[in-house]
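In what follows, chain A forms one complex with chain B and a second complex with chain C.
Now for the complex of A and B:
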């Protein structure tokens, strides 16, 4: 489907994606509750910093950091690896392939369609955060707010494309869920989701700087909590979008080669 | 023939499958060493189908019918050979190609499970870029022809199999495709629903001139919908032609169906031909084609015949015999090897 045609179909795709999301309200609530790890870490690190700061983080800093982490996580989640792996294994990917719409576009829309509901969860938390820690930790300039929004988009793209690349591996291996589990474990530790990246030992931090995980969560959170000046934020933004480009290329290669192996199981 | 709608030349589709015997030991061993086996799902078939033709793919389970259909619809890449559908290479999956075709699989669905079929219709309208006035007209026609009523407003998961199948067909035709690939479209449906689906498909073909390629194990589907059959067995094309001619080749005998006013003993009937069945109400005899006229004359002269019809053998029996012969021939080849 051409870019113009895809763009024209987007309103309907989003509407239906949203309708599917709200079809099972309890499941939606369970998903939201399952992503509350940042709130648990908030409690943990606040306790650790009660008597003295950890690095530059005092209690208020940890509160701001992990509330921001919760918000960013709600807005940048993706689960296409599980969808793709399942659909390859059962052959139901066929139904997407028969339509003149790239399956990655339909997966993207289905994942993005959940954001309005997640915004409903994220917004009250954002308000609470503002009340608790004040607005002085928010970005001071319009440019930094633009960087934040771009970093949010970049974060979602890396998450989605990583999911897509791993899901596409199922075209070779039959199922790639375990690979996704490994990715998630690395994400949890290295992205800033559980521990601010700044608090890693220097050797680990050097490795984290060049890996994509930090740019999925840590970087947007750092921008939102004014951890960087404008110059540093722009440099990190460039690194994040380099990872977006690498991920995009990787998914393209894996998808084209993997599709030749698709067996379309099932009668 | 005009330029064919479907052109297949020396199509091969081979899979590598890893076989493993049952048991824990074999499962563990497969972690370190797997035994690959090449399965030749389609092994060098060639045929052409003209625009507007209705063709049935027949063959036993595992013959390669559905694999061929999936290659034609672009889901599978051929291992070798050339396939064209309306001058497109299906494996390229160009938008222009995908907008011309539809594939309906009786065992898979495109309807959104948690939403009413009307939402799938709307989704397809957007994806296939169907103008809204045409969409509304098409939905109205399909709703009437398939008697959908308020089914389109209920979540798909609440519909029965037959109701879902009707809605699946409607969803598949929203964009008015010109090539229909139907893979066992009436599987699992009751008799009346099968008749409804067949009537609809035939009407769609006659009204729009769409090319139809069908696979089915129900001979009633094949007899009602197709003018020509292609028999595929073990990935190889064994027959391509009219269904009647196939029946004559495999089972050249005719069947005499006799309604008898009073019972007749079996020996008397066997003197006329091979007795297929006999009961108090009548009998069915099988006789060579060239003997039909004299046997009918003798039957009318010597038996208490209330009614008599001359028929071909049921298609199910024809196919069963065809596949049995094929299995026997393969067994001979394997034994010889």
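Now for the complex of A and C:
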């Protein structure tokens, strides 16, 4: 499987993935409805901030923060953990192994193919956000916009790779959905999805700085709402990409070791 | 033999078979219990954070809000132990087309599918709920009101009925949209809003959570009853509301099942 042939296959894979998304559009709509949690948290935090701002956040800041959170979540979703776990259990993973293409590449393209449809949902939310809070919270410099785009890519990569790493565990245990549940519970609370990380009590906060979750949602949202100056943003970007590198390495090792154990039950 | 007696015996058979099935996978269920405990613990973090920043939110103190979260956790336990397992099984039946076998049996299909699986050992959260209530009342410095607790007990029944009805409505959607993993997800994420007192939400959202998806009736009202400040009219309306939802979900279920076209054949 040379790099060139992989590269040539990408557009077709992407088209197939996109067609699949369009075919299961009802399912995707349900998924989007299930990710409206930031809007609930928006209502909650606006009530909390009604009388006086919370930290640096007034009501408007919360609107900006949680609408940005909604958008970032739409654009950085991945579900390989469930896919892998399912395909290992049913043995259908062997189909993927037969193709002259690294399975991780095909998973990545399938997951990325969801993004165009999700943009259709994210864009109106972005317009509403701009109408509600104006554009003064957006990054001012071109450099910060570049940082934002890189952070968005980084957060997708962490989400995808963490999903893959956990999904690969199914090669040992038969199913790794429970591990994913634990990961998801931590992600929900510590990523900034429900609570901006600045508002955590100091103890939790220092843990959040080190863990990968914050770099999946909180960091891009903070850059988009101009919470950091350029220097801090660059430092955080470096930390985020350190996590990307770590998870990339981890998936590599787990995949190579795990695959030797693959028995393709029923396949 | 009376119909009621027959269904009572049927229920006992179903419970016995799910206990026997459960005993086969003991390790799995211990793990399930741990995972759901973990979920609850992490899910309390937002509550702590909010009240770490503010003394009262929308008229609720930390102690009072803990009661609401306690009710939420209790209902979650009921959901995981008694409602989710059965209804996830229905979805699987619909997808595979094996619902035929259930429909052929000479008993009500909704009764059969709803009692098919019980997993009481998944309900570790009942204990968490009791701990949360304990903490709440310690912080408040007084116990629950006696009359209020009786009302709360009644509300537990209506809340369970509401939860079950909402689940039936969600599952009915499986007849139309077959891939359902997402529907469970959707249900859970909407139900999640019930961990907050409904007064936290305003305008349209509060209206939705009171009348359309009556989360308020499930967690806020029982907590208020425990505190002895639920108006009797609210109690009466909860009974009516639960009745209406039960009736509605039954109608929708019957309609959906009429639409069922065995997927396999």
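The criterion applied here is as follows: the second predicted complex is superposed on the first by the 266 of 267 C-alpha atoms of A that agree within 3 Å, B and C clash if a C-alpha of one lies under 4 Å from a C-alpha of the other, contacts with A are read in each partner's own complex, and residues count from 1 in each chain.
By definition in this document, a residue touches a chain if its C-beta (ideal position, glycine included) is under 8 Å from a C-beta of that chain, and two chains touch if they have at least 3 such contacts.
It should be emphasised that the depicted structure is a prediction, and the values quoted were computed from it without experimental measurement.
Using the contact criterion defined above for the overlaid structures, shared-chain residue A:260 touches chain B, although it does not reach chain C. Touch criterion met: A:181 reaches chain C, while chain B stays clear of it. Contacts of A:20 after superposition on the shared chain: chain B is touched, whereas chain C is not.
In the superposition on chain A, contact of A:12 is made with chain B only, not with chain C.
By the touch criterion stated above, A:43 is placed in contact with chain C alone, chain B being left untouched. Looking at the shared chain after the overlay, A:99 reaches chain B, while chain C stays out of its contact range. By the touch criterion stated above, A:250 is placed in contact with neither chain B nor chain C.
The interface of chain A with chain B overlaps its interface with chain C at residues 24.
Across the complex, chain C meets chain A through its residues 31-32, 35, 38-39, 42-43, 45-46, 48-50, 52-54, 57-58, 177, 179, 181-183, 185-186, 188-190, 192-193, 196, 200-202, 205.
Touching chain B in their complex are the following residues of chain A: 1-2, 5, 8-9, 11-13, 16, 19-20, 23-24, 91-92, 94-95, 97-101, 259-260, 262-264, 266-267.
By the touch criterion stated above, chain B contacts chain A in their complex at residues 15, 66, 70, 73-77, 93, 95, 98-99, 101-103, 105-110, 112, 114-115, 119, 122-129, 155, 183-184.
Chain contact summary for the complex, chain A toward chain C: residues 24, 26-27, 30-31, 33-37, 40-41, 43-44, 47-48, 54-55, 82, 178, 181-182, 185-186, 188-189, 194-195, 199-201, 204.
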